[in-house]
Amino acid sequence: MQYVKDLKWKKGIQVKDLVSMLGNTGFQSIELGRAVDVIIKMKKGGAKIFLTFTSNMVTSGLRGLFAQCIKLGMADIIVTTIGGIEEDIMKAYGEKFIIGDFRSNDVGLNEKGINRVGNIFIQNESYMKFESILLPILDELYKKKKRWAVSELFREIGLMLDDKDSILYQAAKNDVPIFCPAVTDGAFGFHLFMYQQDHDDFIVDVVRDFKNILNATSYDDKKGGICLGGSISKHHAIFISLLKGGMDYAVYMTTSHQTSGSMSGATTNEGKSWGKIKDDSDAATVNGDVSITFPLAMISAMERLSEEGLLKGD
Amino acid sequence: MQYVKDLKWKKGIQVKDLVSMLGNTGFQSIELGRAVDVIIKMKKGGAKIFLTFTSNMVTSGLRGLFAQCIKLGMADIIVTTIGGIEEDIMKAYGEKFIIGDFRSNDVGLNEKGINRVGNIFIQNESYMKFESILLPILDELYKKKKRWAVSELFREIGLMLDDKDSILYQAAKNDVPIFCPAVTDGAFGFHLFMYQQDHDDFIVDVVRDFKNILNATSYDDKKGGICLGGSISKHHAIFISLLKGGMDYAVYMTTSHQTSGSMSGATTNEGKSWGKIKDDSDAATVNGDVSITFPLAMISAMERLSEEGLLKGD
Amino acid sequence: MQYVKDLKWKKGIQVKDLVSMLGNTGFQSIELGRAVDVIIKMKKGGAKIFLTFTSNMVTSGLRGLFAQCIKLGMADIIVTTIGGIEEDIMKAYGEKFIIGDFRSNDVGLNEKGINRVGNIFIQNESYMKFESILLPILDELYKKKKRWAVSELFREIGLMLDDKDSILYQAAKNDVPIFCPAVTDGAFGFHLFMYQQDHDDFIVDVVRDFKNILNATSYDDKKGGICLGGSISKHHAIFISLLKGGMDYAVYMTTSHQTSGSMSGATTNEGKSWGKIKDDSDAATVNGDVSITFPLAMISAMERLSEEGLLKGD
Amino acid sequence: MQYVKDLKWKKGIQVKDLVSMLGNTGFQSIELGRAVDVIIKMKKGGAKIFLTFTSNMVTSGLRGLFAQCIKLGMADIIVTTIGGIEEDIMKAYGEKFIIGDFRSNDVGLNEKGINRVGNIFIQNESYMKFESILLPILDELYKKKKRWAVSELFREIGLMLDDKDSILYQAAKNDVPIFCPAVTDGAFGFHLFMYQQDHDDFIVDVVRDFKNILNATSYDDKKGGICLGGSISKHHAIFISLLKGGMDYAVYMTTSHQTSGSMSGATTNEGKSWGKIKDDSDAATVNGDVSITFPLAMISAMERLSEEGLLKGD
């Protein structure tokens, strides 16, 4: 039996010690503590880890932590939406996003060429720069071959980047594939379309990428999922795992709730009806903003794994 | 100046009269009333209407209402996720989904071959049936041509169905294209992959579909969006409209909140920073479960449009 | 086994027929259908019904429906917060609240003497008028006796009002007691304080009101709860019922979620750990804005009860 | 202009350094960073600080941190609900609460005499022990005088406790008054009622306590509010401040959203329409579970204040 304990501050307290206390505090802090345990368990269990996130998280500074997770062996397969890929590339080329406000004058922002994503602002220039970056890349890739699976495109781009905080860069360097089942849903898609206008034999083969993600794990592999937010990123990782027997470990972090019946709000418990998670100690659902809960959980897990020499490159 | 009015029940009250009163009640009921006005305005303004939804909504009985909206001219372009397409087809072939419970024993359900989506249960048999339906269809399509845009696939399938409550059926009959930017993210994707294993020249061309959705409206068209839930369905409609100058009218209905910075929680106000909605009377965001809010708003709008003879086929 | 059914609109559809279809639609619409069944069951079972709500709901037009519920015998005991009492009185004296916007310029509103409650505006004048109404009432009551239980105060005030849409009026006329465990938490409290400054022997006895609410039901009575939102209104009804053996039927309607461990998000299931609800068919939790879900559920229940002649005064 | 920065982990990272990085990350982490700044600003500005919380937070381990905040001068006035007082006393007498699960078998728990509050379990014995503690205390107090304001009762009880982690203990030792506008809404209320049955002249005077809280600050004092969750705790602090000219600084932390028009979801922006907060740098609203967000924000603020020697007793 585990008891609630009074939480108290000590000067200079480290994140790992606070999160350890949070595990005995109450409500979502308890679930956060459980998430840390599941992440450690999936790593120690040798699971192939699916890390999934939505593009707004790459808009945020979580991008750096995602890249670091890949570098340190905390993510073996990435699934995300195309906006995140675009913004990772923009940032690798030096674009900066502005800290703004949820309650902005949006008509005014629009007139200034500023786009709002929650409380982050993206300038139109960043998108224009992205265009000027992507076009020569497509030209180069087209010379190599005409038919590309999406993850192969991303790998090629990752190899061209020079930014250690880039998700694409670290993924390419560490042989971690990045999947994006909706590659056309953003500026990237627009540029692919423009390119195909002049190069009709240029094919982006999403069906072949399905084969690639299916082959990224085997039925015998242990599989873990760290799913941040919802959308197709989360769904794709769960669905693909299912075809290989289901996840053995899962951590879902989301602001959504199961009451809506949506993918973003689906809990690891609902996941049990779909797969093979059987034991409560192998799954945790943390409700809250990923920009806060994910750094807390992942940093705590990495601290503890690092102490045992279980982080890659340690 | 509009005032809050005391809501009172009269025996036999119609939906349209209740929703009209809700517009003067408070909080989200006021926003619901605004949503009705915006839907009517976009229809009267002659806008091309994007209707977007996620697959769990097709799991639910909203499927019938979506099909009806298409039939009655309340939707010109559909954007959805692939699960919704799969389930629309299953249902067109007679599969039934079970009303269940959010708090089920999920391990037990899994043992019985039942998958849970919130409080709805789907049996494994339905997925097996889907496989047996889809394979001969793919064979037939492959005979016609080798390279297919996604929306063209859906149209062909819609023409083969015989169910007036089917979204694909009504869309095909009424020349309403259905777009799905992540076609491989589900059982459909798995079967495409299996098919491609034996037919390597079978290409599903998502880039060409980008062209199709781009051509579905012009820069000069007025454009409206009714976006239910979030995910890529909502994002794709907004993004594509933006490339054509932005939406003139927008109704977002969602359980998510803007505080998360996510697409599902993004409000029509955030939309103003991206596009050309300028006037508050042209946009409404209703927070709540779409299974309740959408029928109320759409039925009220259709009642009022029908009175003026503005519904197709009236 | 109950199946999901395709929802379709028919011209002139009544609320009760739509809500009946919603019960077979999905997610929260299913829970809404269950709530209607539980309300009918608690009425037919002869339960004493606790109806609880928070003050913002009285700010809204739900006030009229609450008054009507009392009149028609759908509520036997009311528990609310003091703001709702204040605003019921203001409205009974003709004050009007304005339909506003969630995204107002709040500093500007403040300068104009307007207070915002979500998307409803209340003018400072309304509070001043309340003061001028309450003071003579307190004088009159003080003449009668010096020590008052809160619900007795409200009953006296209700008898002085002349507004059929008033909660206090209908409660007084129909012998429905109104409890408010935090009587000082608002303008009412301020005026009580001012009055006590000059009349030190004027006592508002909240402990005696505990006795009154405890005596409002017996251990043998069947008890039902319709709890809208959270706060002390909901908690007090649940707690008091528990002292009398627990509720037999419960409907909770709220925008909050159980993940927070808060009273407002607590579900009827959590209620089972505290009380005697045993059967799922006797309890329902509907997640969503009460300004939409409560009218739908209560109107549907009243329509069906009315058909069977079970509404008071029918 | 402040930019989004890539978040990266360094081994042994302290809470204050992580939270500082979170301020440049995105979405609610940005708001969390702002909350830290506002807390520091209100302390340095010499404001009288209202700290408000709901009883489930005292059920959790936040109790210890609340007591510590009082001890270190981070809270000058406490407003809470009665359940929190009861549980603070139980814990001071050695009762322990169990870490449980949101998805428990609630009927089974009830049979074992266990009550569930989210994912925390409270045993019936704890309530029985509370009764045996409270009754002799009431006897002693009754001997002193017959008419008690609520905060005076709490102070007397606090002086009898011997637990440095107790809120009542630290409040009594540090002359911090605790207000509870709904003293009867819980077991405490039941015991007051039982006591009054035999001692009719025993009066709990809530109106007098209104005077006490009103006198706890002056019109000239700067006033700050740290409001956790909603309910009457939050409302009372805001309302009382308003009578004294309004809060100069405010931090709201909540899982609720403004869309509901509820007190728990009301943002500091809505607060501007009621009071005198004018500058955005003086107010922050953090959406998320207080069991995670409050320790992060308060610990970061205390670390920074401690470095400058601004914490009491440092």
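Which chain is which? They are A, B, C and D, in the order written, and residues in each are numbered from 1.
The criterion applied here is as follows: a residue touches a chain if its C-beta (ideal position, glycine included) is under 8 Å from a C-beta of that chain, and two chains touch if they have at least 3 such contacts.
Keep in mind the model is a prediction, meaning the values are calculated, not measured.
Colleague: Given the two chain pairs B-D and C-D, which is bridged by the higher number of C-beta pairs in contact?
Modeller: Answer by contact count: C-D.
Colleague: Please identify the chain with the largest separation between its CA centroid and the CA centroid of chain A.
Modeller: Measuring from the centre of chain A, the most distant chain centre belongs to C.
Colleague: Could you grab the centroid distance between chain C and chain D? Build each centroid from C-alpha atoms only and quote it in angstrom.
Modeller: Distance between chain centres: 26 Å.
Colleague: Just give me the whole-number Å value for how far the CA centre of chain B lies from that of chain D.
Modeller: Each chain reduced to its C-alpha mean, chain B and chain D end up 44 Å apart.
Colleague: Chain A: which residues touch two or more other chains?
Modeller: Counting only residues that touch two or more other chains, chain A contributes 26-28, 56, 59-60, 103, 118-120, 257, 259-261, 269, 287, 289, 291.
Colleague: Name, in rising order, each residue of chain B that touches chain A in their complex.
Modeller: Going by the criterion above, the answer is residues 54, 56, 59-60, 81, 83, 102, 104, 106-107, 109-110, 114-120, 147, 181-186, 189-190, 192-193, 196-197, 202-211, 214, 229-232, 235-236, 239, 243, 255-266, 269-276, 278, 289, 291.
Colleague: Give the list of chain B residues in touch with chain D in this complex.
Modeller: Listed in rising order, the residues of chain B that touch chain D are 26-28, 103, 257, 259-261, 287.
Colleague: Within their complex, state which residues of chain D touch chain A.
Modeller: Interface residues on the chain D side: 1-9, 11-15, 18, 21-22, 24-32, 56-57, 59-65, 67-68, 91, 96-99, 101, 103, 118-120, 165, 269, 280, 287-289, 291-293, 295-296, 298-299, 302-303, 306.
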